[in-house]
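Report on the following structure.
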Amino acid sequence: MALKLAYLLVGGCGGCDMAIVDLSEKLVDALEHLEIVFWAPTVADVKYKDLEAMPDQSIDLGLISGMVRNKENEHLVKVMRQKCKVIVAFGACASLGGIPGMANLHENRELFENAYVKCMSADNPDGVTPQPVSKEGDFELTLPAFLDKVRPIDEIIDVDYYVGGCPPHHDHVARIVEAIVTGNLPPKGSWLTMGKAVCDVCPRNPALKGEKREYVKEVKRMHEGIPDEETCLLQQGYLCLGPITQGDCGALCTKVNIRCAGCGGPIPPTWDFGLRAISAIGAILDNENVVDELLKKYPNLTKMLYRYSLPKALLKK
Amino acid sequence: MEMMEEGVPPVINLSKLAEREETELEKKVAEIIKELGAERIMYCMQCGACASICPLAKTGFEWYNKKLIKALIVGLRDELLDDPTPWACVACNRCTEVCPRRVSPFEVMFAMRRLMAEEYAIGSLAIEGLRALYEYGHAVYMTGREARKKVGLPEKPPSTESDPKALEDLRKILKQTKLADLGLIPME
Amino acid sequence: MGEEWEPNIICIACNWCTYQAADMAGSLRYSYPPTVKIVRVPCSGRVEPEFVVEALINGADGVIIGGCHPGDCHYKEGNYKALRRFKMLKKLLTELGVEPERVRLEWISGSEGLKFAEVMTEFDATIRKLGPFKR
Amino acid sequence: MAEEEPRIGVYICHCGENIAGAVNIEEVKKFAEKLPNVVLVRDYLFMCSNPGQELIKQDIREGKINRVVVAACTPRTHEPIFRRALEDAGLNKYFFEMANIRDQDSWAHWHEKEKATEKAKQIIAAAVAKARLLEPLEDRYVDLTQKVLVVGGGIAGIFAALDIANAGYKVYLVERNPSIGGNMAKLDKTFPTNDCSSCILTPLMVEVANHPNIELLTYSEVEDVEGTVGNFKVKVRKKQTWVDWDLCTGCGACTNVCPPKARVPDEFNEGLSKRGAIYIQFPQAVPKKAVVDIDACIKCAGREFGTEPRKTKDGKPILAPCEKVCPTGAADRTKPRNPEGEVVELDVGAIILATGYKVMDKKHFKEFSPDSPNVITAMQMERLISSTGPTEGKLIVPSDIPKYLEWKKKVEKGEQVELDARKPHRIVYVSCVGSRDDRFHSYCSRVCCMYMVKQAMLLKEKYPDLDIYIFFIDVRTPGKDFDEYYMRARRLGIKVIKGKVGGVQRLPDERLWVRGYDAELGKPVELIADLVVLATAIEPSDGTFELARKLGITCGEEGFLKERHTKLYPVDTMTEGVFIAGCAQGPKDIPDSVAQAKAAAASAMSLLAPGKMKVEALVSEVDKEKCSGCGICVPLCPYGAISMVNYNGKMRADINPALCKGCGVCAAACPSKAIKLHGFTFEQVLAQVRTLAKRGVVEVL
Amino acid sequence: MMAETAKEEKKLKFGLFLGCNIPFSRPDVEVSMRSIFPALGVELDDLLGQSCCPTWGTMPSIDVVGWCAVAARNLALGEEKGIDLITACNSCYGSLNEARHKMLTNPEIHRKVNEILATIGKKYEGKAKCRHVAWVIYKDIGLEKLKESLKYTLDGITVAVQPGCHFLWPSEIYPDREKDPFNPVVLREICEAMGAEAPHYSKLIECCGMGALRSTDPEKSFILVREKMENIKEEIDADLIVTTCSSCLIQLDDAQERLRKEGKLNFSIPVMHLVQVIALCMGFDPEKVAGICVTPRDEIIKRILENKR
């Protein structure tokens, strides 16, 4: 019997949906075992009320991508929990808050001003910002209310499994689908992951070449030169977060000469990505001057360390 | 204190000196000397190397470098004010060169001069030099004009002598120094 | 709490220096505020940033890490690692809205019992001025 | 056992009044009873006493508890005691945690009893929180190599080597000079007994050479040290001697024929005379073998090593003088020789450093006219009065040594000539030259006062007419029979002046104008001397710093090796298994050097005697299943204990527990949390932190 | 640094720092300087507005900051023009460089001094220093060039050199240092380059006793002169004393004549400043460059002028 699957995108970009589509033939193969009952708002032509109408616990598996940013997100996520037996937080946003999570360093007022008033493309002399209720002639228009913070979905509902990545790599998605189909799942609350760092799959890892890792002697940002293609990026001073990040991506970025920025999420059992990163990176920097250099070159350290996971930080602003 | 009048007495009463440091001066004499520029006076171990080559010790002055340092460390002060030794120091600085403790005994001699100046225990020759410095910009100012003429030089050298603005500047500087606070010389 | 609020301070102390200094402060009867509680670790290089943050979010108002003076680390260079981590951590905490004075790294050698007491007294005063850590 | 639910016993010590005087024990007891997993709480007057420990043991034996928390003084002193109690009662000793409620509570907050009580509760709660997470650990034992390396063949190294060898252990004695003997071999006589230095030293040198348990490696230097206490691997470079030591009999024939052009200042005579490029270090050398100073050798007759000699017309080989006279063929230059010498590897369990000292050169002291030949260091004076010295002990001014050597040559040829060399009439000693001097060394060199007195006394006794002055800053004679010795010198009429010399100026006739100060007279003093002897400072010998580095030992500011503790561990170092003896640790005289050498030997032997060594279980371990192989931990380890190994086809970190010292820097850094520092695990420390943060509020997981 | 830049341009330039002794007491030394340096290719700037260094008996005896401030104003005159100062007076050399050393090693003093200088619109960064004529000749001009420029030499003349205390001590403060300040050779080598014998004598580095010692107690001061003179006579029997210090010049020239008149010395040796000897050897008018003295010089001048190169 085919598994009933629901897919919901809340506060996200749709990239995770694309990752599933990227499965191409594999997706077609999987469809033999899957019955997609809901995929909104991107793929299937279904309405939220259709989902609300489904009986509770009637869906075997629910994937949620994106984070919770507004009342509507919050509501739908709760509906999903009601309808689905198993919920997977799919992708960095759903699991950790993702890129939008960096907004938690700012007040909503500041965010609105930047997005709707100060932004270069905005022509908004009156400084109008979205309101939950507004009048347009005789009509009263409503918008879902904006929440004070970006929340990963496990702050709203219980989550059974987590998947990292921005978006998750399609090969990894394939592995997940297979695991789900075969029912080969770890205990609830776990990540669906290989559980190893990017370094484990990165061809640059010095250990693979029988070389010893060395202290990092300088700090460079990506625009400060073209990294050597072979050598470990961190070793070269580009603050690659590969050691701290789950490498289910297959070291996609480092293979194209870009440092890992941490989208895969921290390696279990760690939840706070930034603090682990400090512990590891802080130790491997050669001396205090290099630390100073890092702090100078990354004037906002928080955003560097928590690019994908600020809402999951132990200490919240 | 009564024992001070006649210079350093044959027996130095250390406890009285210590009392004076506590009550009158509220500070160790050596501290005062440190503040006056001889920062390392307390590093002295009284080895005597400075005295062995000191021109003052050699010519029979009483309170040459080594002894002055010791005297200040034990707290003598007023008793030394009448002694001419510090003002006879040629500032040759050979003591500084041989001192194994980097005390710079020369600096102690001069800190003592500074202390004496504060107490107006300063000779007329020194005051004359300061006055000449303020008045002409030259401390050793002799009417050397005849000599200058004799060797074919202009009467006045190209110094503050020939440059009233520079003399004014110099005076302005001197007025911002301790010299002005002490009022040792008339400064308009 | 409220009017009776007393700071809660955690000192994560290296076994070879600051922990020893704390013992010495006690044996020489140098008193310091009892608000300071010590967690013993083998080396300041053992301290993970999580310890500091966990302390704060669980109710501590100030955290102080005590290590050996530069050059004196029992394990050669653990204290340097601690310093490097600490610099980054402090910046991060500041960005996240924690007053930088709430976290501190101090070099206190095993012979510096008096310094231990002085530093702790001063740190306690600093935290009192800041008030409770609200989170 | 680890599966068993923790049953924690909490034992609160009164420490007489020390704890109970400030901490309300009853209140704390009630609190502790409520803590999770705590099954019993007891208090006792002195927990560390026998009956106190018995309480714990009994509860363990009766199966009441399987974890122990003792709330008492400091674990730094008492943890081992209680751990042993656990062990005695049959419980793994690592199921123990201590709550420091005396040193860090009752003593520090004696006048705030309520708060001290409150703090005691929190400390105990934190200890309990950690105790719940304790794991059983096993100490390991590693086999030791029962061999010792002694570096330096001076009097300290000789004694250390002999003591250990006599106890039956193998000793390697490494000395960088061709002969052992060190500085003591240069001395004429020794204070405070005035016995002849070589008479007491030479027999010991011979004993070393003949000892079946001692392997002597002279003309050798330590190049590299790996490993750790019990099992060091030491690479020693045996420098090229350019003479076949198996053949050399030390006859000295070669040294006499080395031509004048190849002669260089003789180190043994402190540069007062010259030696050949091929030389034997000194007459009593052990081993008595010749070496070629290859930088000084002028390769007579074009005799490069490893070449065939040219031939005369009648086919005879043209040899260098040294190889020509060598009766055994040891100086043969035909065989090629490796200029780098040879590296040997030694396995040892302990190392004793006895690298000794050197005296400062006079050239640094410009105010004393160091350019004058008649201004010499005290070590040069030793050579000048020694019967094996440049003048065979005849006292003449050094500026006339060339005249003496000329005269000697003539006499050897059988000429009847008078020696025309000036004998000094007035000798001045200057103390603290470079010592107690902030421009050079602030420390006191400790032996100068005594050796100046010694030299002056020896001279005065031999030449009563000599006029000898010793300028001291302070006379320091703290040693057995030392002050008596000094007073004897004063009675002999040696003029002791308290005050330093500030200048020595050279006069046209090579005499010296000395200007000093007499503190007692309160006057500068001056005199004309024939000879000025500078008591220059004692410095660590060259290479001490580099050697210390190789061994992970620090040097103090002044460059001497740093002992672990000035008073309690004077011959130990911060690197376990490495000991120090003699002047490498700081200036000292022969009695002290020997005492220290014997102490170092005893320490090394007590370490090695059991044959095995316990390694604490509190080390880090990698969970290879969790490890991601990033390798961040590898360079962080200060002991090089971490390496990457192949584990099921993947590169994973691995920690060598024998090298790990348990600092935990790797555990803190591991991004995969794959490294666990036993005894201070992430969870354990975190549990303590959280409990204290929650003010001891009982934590329910 | 400034001297090096000057060297690159092949043109040495210094600010001529006169002090007090030289312009007012021994202006013939000033004439000597003004004569020989241009002839040796060194440009001199008059440093208009310069004052007393200040000498030891004045501000150094009152206040460290005041001492440094007066010195800094003088040094700033050179610094403004990007040149170092040059002096023929050891007291100026000592006082200016000692003050500079204090400012460079003690930021607090330096700050205070610049606060004071700011009130007259000046500042002193610590760049300009004071150089000594002997060192400029020895190091910057070079003995070869000096030799070439001479018309007369000192052949056959035995010279006793008197470098003076502030040429030597404390060695660490000076821009140029003898390898061994207790056995100074620079002045000897200059004199030897000019053809003289300039042997070492044992009291070469002894103080002449000028300055505060002489003004405080002339009799005691003369003990040192007498000792020195006798040593020179006895050990090397010099024909001429050459000094690099204006104070030593005045003291040895003036005091030996007094001692002689008092019968405490039965010989006399003429004394000249190094720049005067060079000026004479270069052929400048003896009246102008060496015309002021107490101990007669006529005979030695005559001897020099007989030594045509």
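Per-chain numbering from 1; labels A, B, C, D and E assigned in written order.
In this section, a residue touches a chain if its C-beta (ideal position, glycine included) is under 8 Å from a C-beta of that chain, and two chains touch if they have at least 3 such contacts.
Because the structure is predicted, anything quoted here is derived from the model rather than measured.
*Asks:* Hey, how far apart are subunit B and subunit C in touch steps, shortest way?
*Replies:* Counted as steps through touching chains, the separation is 2.
*Asks:* Among all chains, which one's averaged Cα position is nearest the averaged Cα position of every protein chain shown?
*Replies:* Smallest offset from the overall C-alpha mean is found for D.
*Asks:* Out of every possible chain pairing, which has the most C-beta contacts?
*Replies:* Counting C-beta pairs in contact for each chain pair, the top pair is B-E.
*Asks:* Centroid from C-alpha atoms only, then distance subunit B to subunit D, rounded to Å. What do you get?
*Replies:* Chain centroid spacing, subunit B to subunit D, equals 50 Å.
*Asks:* Please tell me the distance, in whole Å, between the geometric centres of subunit C and subunit E computed from their C-alpha atoms.
*Replies:* Subunit C and subunit E have C-alpha centres separated by 61 Å.
*Asks:* If you average the Cα atoms of subunit C and of subunit D to get two centres, how far apart are those centres in Å?
*Replies:* Here the centre of subunit D sits 36 Å away from the centre of subunit C.
*Asks:* Two or more other chains touching the same residue: where does that happen in subunit E?
*Replies:* 181, 205
*Asks:* Could you check subunit A for residues that touch two or more other chains and list them?
*Replies:* Counting only residues that touch two or more other chains, subunit A contributes 276, 279, 283.
*Asks:* Can you list the residues of subunit C that touch 2 or more other chains?
*Replies:* Where subunit C meets two or more other chains at a single residue, that happens at 45, 48, 50, 54, 56-57, 81, 85.
*Asks:* Run through the chains and report each pair that touches.
*Replies:* According to the stated criterion, the contacting chain pairs are A-C, A-D, B-D, B-E, C-D, D-E.
*Asks:* Give the list of subunit C residues in touch with subunit A in this complex.
*Replies:* Going by the criterion above, the answer is residues 45, 48-50, 53-54, 56-57, 80-81, 83-89, 91-93, 95-98, 135.
*Asks:* Which positions of subunit B touch subunit D when the two form their complex?
*Replies:* 43, 45-54, 57-58, 66-67, 95, 97-98, 100-102
*Asks:* What part of subunit E is in contact with subunit D in the complex they form?
*Replies:* 180-183, 200, 202-203, 205, 235
*Asks:* For the complex, which residues does subunit E have touching subunit B?
*Replies:* Residues 18, 20-21, 23-28, 30-31, 46-52, 54-66, 69-70, 73, 94, 98, 116-117, 119-120, 122, 165-166, 168-171, 181, 205, 207, 209-213, 215-217, 220-221, 223-224, 287-289, 291-292 of subunit E touch subunit B in their complex.
*Asks:* How about subunit D: which of its residues touch subunit B in the complex?
*Replies:* So the residues of subunit D touching subunit B come out as 367, 432, 436-440, 473, 498-503, 515-519, 522-525.
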